[in-house]
Amino acid sequence: MIDFPAGFKAPFVRPSGRVADAMREVTLTPGASRHAEGSCLIRFGVTEVLCTASIESRVPPFLRNTGQGWVTAEYGMLPRATHTRGDREAAKGKQSGRTQEIQRLIGRSLRAVTDLKAMGEMSITLDCDVLTADGGTRCAAITGAWVALHLAFQHCIRSNILKVNPLRDHVAAISCGVWQGTPVLDLDYAEDSKAETDGNFVMTGSGGVVEVQATAEGAPFSEEELLKLMALARAGTGKLFEMQKVAIRG
Amino acid sequence: MIDFPAGFKAPFVRPSGRVADAMREVTLTPGASRHAEGSCLIRFGVTEVLCTASIESRVPPFLRNTGQGWVTAEYGMLPRATHTRGDREAAKGKQSGRTQEIQRLIGRSLRAVTDLKAMGEMSITLDCDVLTADGGTRCAAITGAWVALHLAFQHCIRSNILKVNPLRDHVAAISCGVWQGTPVLDLDYAEDSKAETDGNFVMTGSGGVVEVQATAEGAPFSEEELLKLMALARAGTGKLFEMQKVAIRG
Amino acid sequence: MIDFPAGFKAPFVRPSGRVADAMREVTLTPGASRHAEGSCLIRFGVTEVLCTASIESRVPPFLRNTGQGWVTAEYGMLPRATHTRGDREAAKGKQSGRTQEIQRLIGRSLRAVTDLKAMGEMSITLDCDVLTADGGTRCAAITGAWVALHLAFQHCIRSNILKVNPLRDHVAAISCGVWQGTPVLDLDYAEDSKAETDGNFVMTGSGGVVEVQATAEGAPFSEEELLKLMALARAGTGKLFEMQKVAIRG
Amino acid sequence: MIDFPAGFKAPFVRPSGRVADAMREVTLTPGASRHAEGSCLIRFGVTEVLCTASIESRVPPFLRNTGQGWVTAEYGMLPRATHTRGDREAAKGKQSGRTQEIQRLIGRSLRAVTDLKAMGEMSITLDCDVLTADGGTRCAAITGAWVALHLAFQHCIRSNILKVNPLRDHVAAISCGVWQGTPVLDLDYAEDSKAETDGNFVMTGSGGVVEVQATAEGAPFSEEELLKLMALARAGTGKLFEMQKVAIRG
Amino acid sequence: MIDFPAGFKAPFVRPSGRVADAMREVTLTPGASRHAEGSCLIRFGVTEVLCTASIESRVPPFLRNTGQGWVTAEYGMLPRATHTRGDREAAKGKQSGRTQEIQRLIGRSLRAVTDLKAMGEMSITLDCDVLTADGGTRCAAITGAWVALHLAFQHCIRSNILKVNPLRDHVAAISCGVWQGTPVLDLDYAEDSKAETDGNFVMTGSGGVVEVQATAEGAPFSEEELLKLMALARAGTGKLFEMQKVAIRG
Amino acid sequence: MIDFPAGFKAPFVRPSGRVADAMREVTLTPGASRHAEGSCLIRFGVTEVLCTASIESRVPPFLRNTGQGWVTAEYGMLPRATHTRGDREAAKGKQSGRTQEIQRLIGRSLRAVTDLKAMGEMSITLDCDVLTADGGTRCAAITGAWVALHLAFQHCIRSNILKVNPLRDHVAAISCGVWQGTPVLDLDYAEDSKAETDGNFVMTGSGGVVEVQATAEGAPFSEEELLKLMALARAGTGKLFEMQKVAIRG
């Protein structure tokens, strides 16, 4: 047994071995779905989410005859995307509160950077299906769905349905948290399940914030911590915007 | 018609007529429910939420034989709590995503200040039912549910089920938003539906943050705006903690 | 211990202490809901039901283009309206048979005194939500819903949607039962759960009967008993009609 | 065209051609189901209901370890039992309020004449399925279910599960109504849909009343009318008890 | 105990006592439902299925304005059609996979012999409700539904809605299986539950096959066995076509 | 325009351009899922199905304390696996009849080659999720699920839970159909939607048939055609067994 001198503090080591501001390896594969008008398979380390954008010519009732379009999202997880098998929501007959919360967040985030009026009366549904889960699935979904949406709009332009792309800006998301007192970027499942604070940050290419959700899992957090998490998120989303730019170039 | 001089800027006026950092009149009525072990009727202006705490001697399966308790919440709205009647969720056969999101938030917030191990194996369900809605119902629910929970624990102490109250701190919540470019406290429905940014802040009596949710409804917001909203929230919840102290004194 | 002489029969005492033909204290608070076109909070002792009337301009499919209106009711109970918490029907995903039975009764009772043709093609939904339950909730709901409906029709007259009030008569309801062999008026929960016979009587201001439902909980009852219960109900509803008159005067 | 003298009043004629106190032809076929422990196919004119009694050795949770049994009922209607096809409740995914109301009534009626303690801890489910509907299905169901239940108890006696039959009395039901001002017995569908008042009377062999449900479909009714309906019902159920006696003799 | 010589093989005996190619007694009762436009009660031994055909003037959305009709089927089983009571699907709130599989098969089989264009825009729903189950219910349903459908089309001709019967051919079905190594015709429940292979064959009057479904319950089966089963089915359906011809003659 | 001579018959060309007995390119990727105990991603041309096998230590109630295991399957399709987006079954709240039919078939097919007693009391759930659909998904699912199941059993052997692999034989499936009068192997979506007859054949490595389902989509088919389809299927599954052998070698 090692005899540590008094006052010794173990050096900070994340379960993933990453340094505090290191993101996992992220890859975006545009066009990953054979049939969808736009699609992107996004990976954050082991986490893998297939995002597809499907165009429909009709809008929800509250938008009929307004000339305005709609963007919405649905989220799902394959039963064995996780370490232990989860129930299939289709078999249970309802979507969990978590699923609904996440798909509402994805839809809101993408609408925040879409000019719905410029779309005309059409709907786009973003399906974000988690093939493998290892933390950060909702952030991966938002980031990948942006690419799928962009590609679907490009498809509309090529098909002469639209003249300009109604996406006004990039949007991407990343999770950050406080782990053993240290703010860290991009939590994987092992880190997320033990973090003291856990937050999701949705940001735009021009530096604005679309949504912040931060939750104390253990002790409450302070404003300072929130600001540090936000700084990490800003750096992380900055990299994601670069990858999105590459992905849509085709 | 008035002839305004060039460069004239209308003075800032909220729809409610309140100044930026003014909260609506808040009242807490402890013991408002005849049968519940703890209860509180909370009003934020016109908004009115009945919070009850119900004790059960069994815990969810994942806590059986752990000696630990559980606090959970359910949220509902009377069909005509709102300006136009909404569908009754019981008749539709399912709770909306919004309902589930809110009740998960309430439960998380209250668990953040409860020593679940000190409860022993018992469950408390916090029912938060909106009798009249005018914005801020989830924040009112959290603030009132804390009182109901505190009273239920006091009931346990009087009944010799518990020796000390497992609540470690106060928790309260308030909404803030950016309205016509100005950060304002405690949005009512008219303000909330037109705010550029809308946030809910859940804070503890000792100054920590339990949960932050901020969403850009129009243009993205900046870190500076988020900090200003948080400062307003800190002032607002400070007043709510004082009212909670009065309410539990009985 | 008291030594009773042979043949002694304990004087009749209801659990509530009331004499056989005494109703609980009843109060009607018209306009109790902020948003509804008509509303009434009704109390029968501890029992407390909020009744709201909501106007919609469309009618069910079977009435389209008939020029006729519709009145329907929905009934609910807050989970902790009762001594021990009941499941939330919205969370369970369906309304119980009891709930459906009651809301059908309320709807039928109000339609019985409404000139549906005189309404024109509009619908009114009466939401009756039990805030506190102590027996007699369906009767309280019918009695309070009549006030809410009347006020909603008055609202239509003030708004020039209607010229005359389509309500042709009062309707009110009261429960009666046989308790320890004696017919008694207005059962509270403690009495209801031990009554030998339990009935609900829905009557009109002009003395007619709209609905009778009487059930033997123990031994079957006789015609004579039914007639006695009906006489009690007639007296009880007579008082309720007076209170309704006061309530709608405003 | 016939020239009626002034003051001529058409003689009373029911749609069915029956006189006011005439019941339709009723037949009871005991043992109509191949597999059930007790069964009876009952016909009231065209109305045809198959009643089966199924024994299970377990009781609902609230009766476990009480030594007491339970009798419950389920009611259904084949989609084309009616003049125009109704939706299949299994396909719609829920039972209507009407279905639930009826099956609760059937269960209550049969429990009223059963000594649940004498059953021991067993459950009997009475399935009442309407093969053809022409009015009066719930009354036919109660009357036929009594025979099915009696036969199921006899089966228990033959199998040495019970020593005595826990049925304490007969129970039967009949509908009565006011048709063109005249109280009439046993309404068929054509009469029921135009009756001014419509009631169902559940009575016991010893002359008691188990349940009365009477509803004014048009104008309210009077006590006198209710009494006349009840007298008709008493005569009608008297005949039904005789048929039940024949049916169980087997 | 009998002392069998070496190599002795017990003579083949089916549980039903029938020889391998013997069908149970089959009866078809056309017009068994009072209200349906076409109907047939079909019995295969103890198995008893009521088939009704209901005409509606509208078609499913995908056929609107195509001038084409539709034939669909629903299948159900009374809870006590079986040896032990099954749950009522309406009460459980959903149809089992088995129910859906069977009703899809019935619909497909009848559409295979119907000239949907010759129907014009009308729908016919075939309700097949099992009153008593003893194996072979889906085959009985197909065979009886054909008669119900034919009668419904005749009804349309009599009502001048159609000029010619859109049924182009007969269709009937029979189950066959391998029992103790021997291919046998028309399995009853006792045989079906122990058969090594179990198949349903849907055939047309002109000798074609509409659907084959054969499943190995134990060891896999061979092509030869499948051919033998099909030969049995051909003989069996041949007899059923004769009965159908008699049934529609009326 | 080409001027064809009389009697000219266009040479047979499948939409896919394949000759009648050509299968699409098939690839099996074992271990495609990060977390599952066994998994296989299987592709038939464009069709892509992810099959995972998840082990649980408990069995369904009817197998408790029998020492026997269970294998079951669930099937799903990503909403945009298809040419046009389909509704998400989890959002609709129920699985379609088609989904249930397919997952029952997969489960049956795998159980046919598994020695359930040799498994001991454990359950394996095979999740077959279609990522891209282009015909033949249920056959791909069966073929891929066999690999996933085999790998899961190998995992049990490595973990000392089992000594021998309970799989007694291979099982694979392939669709065949009649296209323009010619029997063809392995229909893709374009072929399947226009085939006159469409069948699925589930076969074992030792040459037996586990399940045959053949349906006439247009005119009925003959025995000869069924035999030709089965011969094609035998050849096709022969190749699939070879690929399975390679896949499990790892």
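Note that the chains are named A, B, C, D, E and F in the order they appear, and that numbering of residues resets to 1 at the start of each chain.
Keep this in mind: a contact is a pair of C-beta atoms (placed from the backbone, for glycine too) under 8 Å apart; a residue touches a chain by one contact, two chains touch by 3 or more.
Chains and their UniProt names: A, B, C, D, E, F = Ribonuclease PH.
The model shown is predicted, which means the values in this text are computed figures rather than measured ones.
J.: Identify the chains in contact with subunit C (Ribonuclease PH) as well as subunit E (Ribonuclease PH), in label order.
T.: D
J.: Just to confirm, which listed pair, A-F, E-F or A-B, duplicates the contacts seen in B-C for more than half of them?
T.: That interface is repeated by A-F.
J.: Where the CA atoms of subunit C (Ribonuclease PH) average out and where those of subunit D (Ribonuclease PH) average out, how many Å apart are those spots?
T.: Comparing mean C-alpha positions, subunit D (Ribonuclease PH) is 27 Å from subunit C (Ribonuclease PH).
J.: Taking the mean of the C-alpha atoms as each chain's centre, how many Å separate subunit A (Ribonuclease PH) from subunit C (Ribonuclease PH)?
T.: Here subunit A (Ribonuclease PH) and subunit C (Ribonuclease PH) have centroids separated by 52 Å.
J.: What is the distance in Å between the mean C-alpha positions of subunit A (Ribonuclease PH) and subunit D (Ribonuclease PH)?
T.: From the centre of subunit A (Ribonuclease PH) to the centre of subunit D (Ribonuclease PH) is 60 Å.
J.: Residues of subunit B (Ribonuclease PH) that touch two or more other chains: which are they?
T.: Residues 93-94.
J.: May I ask you to sort the chain touch graph into line, ring, star, complete or other?
T.: ring
J.: Could you list the chains in ring order, beginning with subunit A (Ribonuclease PH) and heading to subunit F (Ribonuclease PH) next?
T.: Loop order (subunit A (Ribonuclease PH) start, subunit F (Ribonuclease PH) next): A, F, E, D, C, B.
J.: Okay, in this complex, where on subunit D (Ribonuclease PH) does subunit C (Ribonuclease PH) touch?
T.: My answer: residues 94, 96-98, 100-101, 103-104, 108, 112, 199, 203-204, 206-216, 219-223, 226-227, 230.
J.: Using the touch definition up top, name the residues of subunit D (Ribonuclease PH) that touch subunit E (Ribonuclease PH) in the complex.
T.: Interface residues on the subunit D (Ribonuclease PH) side: 33-36, 39, 46, 50, 52, 54, 56, 74, 76, 78-85, 88-95, 99, 125, 127, 129, 131-132, 134.
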